[in-house]
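There are two complexes below, and they share chain A, which is joined by chain B in the first and by chain C in the second.
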Partner chain A sequence: MALQDLCNFQDVFLDSVTTECSSVHFGKKTGCDFMQGSPFSNSSSLFNFYIPPVPLPFPISHGTTTLAFLFQGGVLAAADTRSSCAGQVACPASLKIRPVHSHMVSTTSGTSADCALWVRILSRELRLYQLRHGRRLSISGAAKLLSHMLHPFKGTKLCVAAILCGWDGGEEDGRHDNGGTKTELGGCTETAKKIAKSLDTSLQKTQSSSPTLGGQQHLTREKIRFSGPSLFYVCSDGTRLQGALFSVGSGSPYAYSILDQDVKWELTLDEATSIARQAVYRATHRDAYSGNHVDIFHISSKGWTRRSREDLKEEYYREKERRERGMRRDVTYEKAQCGD
Partner chain B sequence: MEYLVGIQGKDFVLVAADNVAASSIIQMKHDYDKMFKLSEKILLLCVGEAGDTVQFAEYIQKNVQLYKMRNGYELSPAAAANFTRKNLADYLRSRTPYHVNLLLAGYDDTDGPGLFYMDYLSSLAKAPFAAHGYGAFLTLSILDRYYKPDLTREEAVDLLKKCIEELNKRFIMNLPSFTVRLIDKEGIHDLEKLTHGAK
Partner chain C sequence: MEQPVGAHWHRVRLNTRMISAQSFGDSGKMKEYHYTGPVEQRFSPYAFNGGTVLAVAGEDFAIVASDTRLSEGYSIHSRDSPKCYKLTDTTVIGCSGFHGDCLTLTKIIDARLKMYKHSNNKMMTSGAIAAMLSTILYGRRFFPYYVYNIIGGLDEEGKGAVYSFDPVGSYQRDTYKAGGSASAMLQPLLDNQIGFKNMEGVQHVPLSKDKAVQLVKDVFISAAERDVYTGDALRICVITKEGIDEQTMPLRKD
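The block that comes next holds the complex of A and B.
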């Protein structure tokens, strides 16, 4: 703008300089970058006074709430459906859990466009791998692949934080030893339980992936090909973590506190679903950048299934009604189910 | 927020690292292992920026293995440390420097045990004891006070415990558990994890 140039007006909404893309995010961006002087910030009202941006106490990461955890029935993934941009709700019904293939889904948070693209690229690469090698790549391998594909973009504004949830093995071609081809949940439970409960030392993993002495090679192959549920967190800053419970997004602290109390290996599918719903509901209540509906996906040895989308507004009014009636039916019912 | 420590004895090196993998204010994992096995008698402990640690450490790890495959014998700890430092230095003034702080601990059959301190500016120092992280401020003086060059294994573990007690007492971050490993002429041994009281 001419007046701006004449006055040497510095565009004050400079991007804060960090190489970490997870710092300073205002919700899930869908293209309009609040910090980079979009048309809104150049409106005349801002010429008269300049309010310096207040630094965030800690980086707000990816306006969303997604979570996933392992339990005896497989993997449960849940997410809200609000896409925000520049402090407004850009889309109240977005899909944050995307299937990658029949036995894997990915919960996504960060920039919507980046997530959508990279999950599709991952699906493509996994399908190519499957066609070339005759078997599916493990979740661990898929996570590593995604992590390496995102690495060149580190330091740029690309922002993807995904939880890969899936079931390894369980194919009919008989190439998997542990757990057998017809993977009974019982058979897999032990292996998966061990993985979930045992301390996951990455040293163990590096021992198994780095070729050591010849005698150990056979042992290491056995270790990798296990059959059962698996959960990996992959972030575009390079983090790749295996675990039994993850929550990602601005609503994640609220979700973690609910999940840490109730998630156990022995949950039934109904209990797990209800806990996941609660966690997302509570997070959406407190977090401005999460809300609208909740999606829940369940992955078992047979593949992924999806629950119909539920409106959390209804849940809010139901709870309000329950409390007004003074009935703690919700809490006692859940408690009874969990055997507390 | 992360902590690494190494203590060299007469014929062993004791190393420990915390087990927290954090993202902003959340602990995402409580049992994360920050040690990378480069060879039968060399460990690389790596902390720093999120993706850089694993990428760099695995890069070094695979290259050390490659050297062994090509030449038939393993790199010594000193050679591995210098190789690591060279890589850090090469990347330092590139567009993609690695922001990682490292401790390399190993046992050489001819030279004995060795502990090497490296930081993200690619400095390298062979030291009898070393630490990385905010915790280093609290524990280096304890190491200064009680360290002797001819420590036995038990004394070294006691010294390590003193350091961790101090962290639990004064460090603002909660670091509930530490992985501990010992390297001697027999190789790498896992010792018992040091956890904090009630947990």
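The block that comes next holds the complex of A and C.
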């Protein structure tokens, strides 16, 4: 894997090899210490953190619509593909949903470079965890890891708002022990169902004011090995929220309106896909910074799968046709009424 | 990409602001010529040296082209400063923006290529160079290299590959990309001619090498007409499995 090669390459520069130390740098106070293992430690790490008060002469790319929700078939994640940069479309075909490992993807929103690099760093850390402990880190743990890694940069211009979507496997040595082949309710434990049913309450949770829910989660997780779909929102300002439905980005208000009315636990995969596509389409229709195509990813117990990228221009014409058909039907109905 | 504007302040007399390229920190529009009151002069470590870079990937070739004008404000420093740099036998990088950062960045990339060659006993592939450049650029996230990079080359299968970057390291593999001062003018033209966008009922003919070179020449001639920072000469590097072939063509000098 390219990241593994990159990690090995770093050993040329570093004196201390970090493999013997604790695998994950939780709660490190100084950002500089953490940077030892990261790709950008070739110059003295202290100098990297001197932020000169210089106004940048160029804008950085931003703006998007991403969404993800839980349903009986797993997790569905969708995003548009427009990457804008102060009024210009820097890239009409960017990839905003990046796979982290076989059972997790991350939708990214904010500055493209920050998102791309931090998701890459996260996948490296998760891979190392997996190699050292023989099992994948849970989505909750991955979200906590990302949140702690971003914490030293709070207050800087770093902007990352990611939704980590995945399936926590109950597997040890490759077996799924919680009905991994089924994709209906039997595949999830009680806690997953509880989260999903409480769609409304999770949406109203404010920043880090969910200690009770988190506390309960933590306790239940100690007792049973959590297995099932999971969704976490992590932001560079320090937010880390668990939920059943999230939408992030400049187009998120428009997407929320579609999702709030249609998303239910009992959806089939096709229904969920069409709702996600519709939500992104509505957001791109109204938000200037979202557009072009839609990417849809589905994560189940078997891993993530990706639909081929769809052009939203087709969706626009399909909708136009539907509306015209509807109007024609109304007109004929009125005619029939008058004819009586 | 947004039209980058010069980030250095002219020495002003009488506290009036000349109609000059403004720092992007402002509204982005040119201010009128009127008395604005005392203006703080600040040293800016960045400057904008102009230039346009373009890369196109074909079935078994890649083209990286750039103009050769080096400007700053109203002056031209050099008419022969190409912005394509050869990295390996199969990869060329085009860098435009601030010339100082372009030079340093290419030096750093060359050094890292050498180190990779010595420790791994093979040359870096285009994809690997792109990933490495992304981390080099991100290492300076809070004091970025003011460079718009585009890498063109052949991937491991021999197909053309183009990787385009933003100044802080976000990158993407594309089929074609324009970067630099005239990028906003050239990119829509490439979308139409190479990507067949915004046309209905057109047959998608794959691009041959000669047609691509001709298209690049035409596109730069158009850019030189309308963008003041682009002109003088055009340097085209055509990368095939036989090697890298360089051509130079004159452009408008005014």
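Please note the rule applied: the second predicted complex is superposed on the first by the 216 of 340 C-alpha atoms of A that agree within 3 Å, B and C clash if a C-alpha of one lies under 4 Å from a C-alpha of the other, contacts with A are read in each partner's own complex, and residues count from 1 in each chain.
Everything below uses one rule, namely that contacts are C-beta pairs under 8 Å (C-beta built on N, C-alpha and C of every residue); 3 or more make two chains touch, one makes a residue touch a chain.
The shown structure was predicted, so the numbers you read here are calculated from the model rather than taken from an experiment.
Using the contact criterion defined above for the overlaid structures, shared-chain residue A:235 touches chain B, although it does not reach chain C. Contacts of A:114 after superposition: chain C is touched, whereas chain B is not reached.
In the superposed pair of complexes, A:87 makes contact with chain C only, with no contact to chain B.
More residues of chain A lie in touch with C than with the remaining chain of the pair chain B and chain C. In the superposition on chain A, the residues of chain A touched by chain B in one structure and by chain C in the other are 58-59, 61.
Across the complex, chain A meets chain C through its residues 2, 6, 9, 12, 39-40, 42-43, 48-52, 54-61, 83, 85-88, 90-91, 93-95, 111-117, 156-158.
Listed in rising order, the residues of chain A touching chain B in the complex are 20, 22, 58-59, 61, 147, 151, 154-155, 199-204, 206-207, 210-212, 233, 235, 237-241, 243, 246, 252-253, 256. Contact residues on chain C toward chain A in their complex (touch as defined above): 1-2, 4-7, 23-25, 28, 44-46, 48, 97, 115-116, 119, 128, 131-132, 134-144, 146, 164, 166-172, 174, 184.
Chain B meets chain A in the complex at residues 21, 23-26, 28-29, 31-37, 40, 49-55, 58, 61-62, 65, 69, 96, 179, 193.
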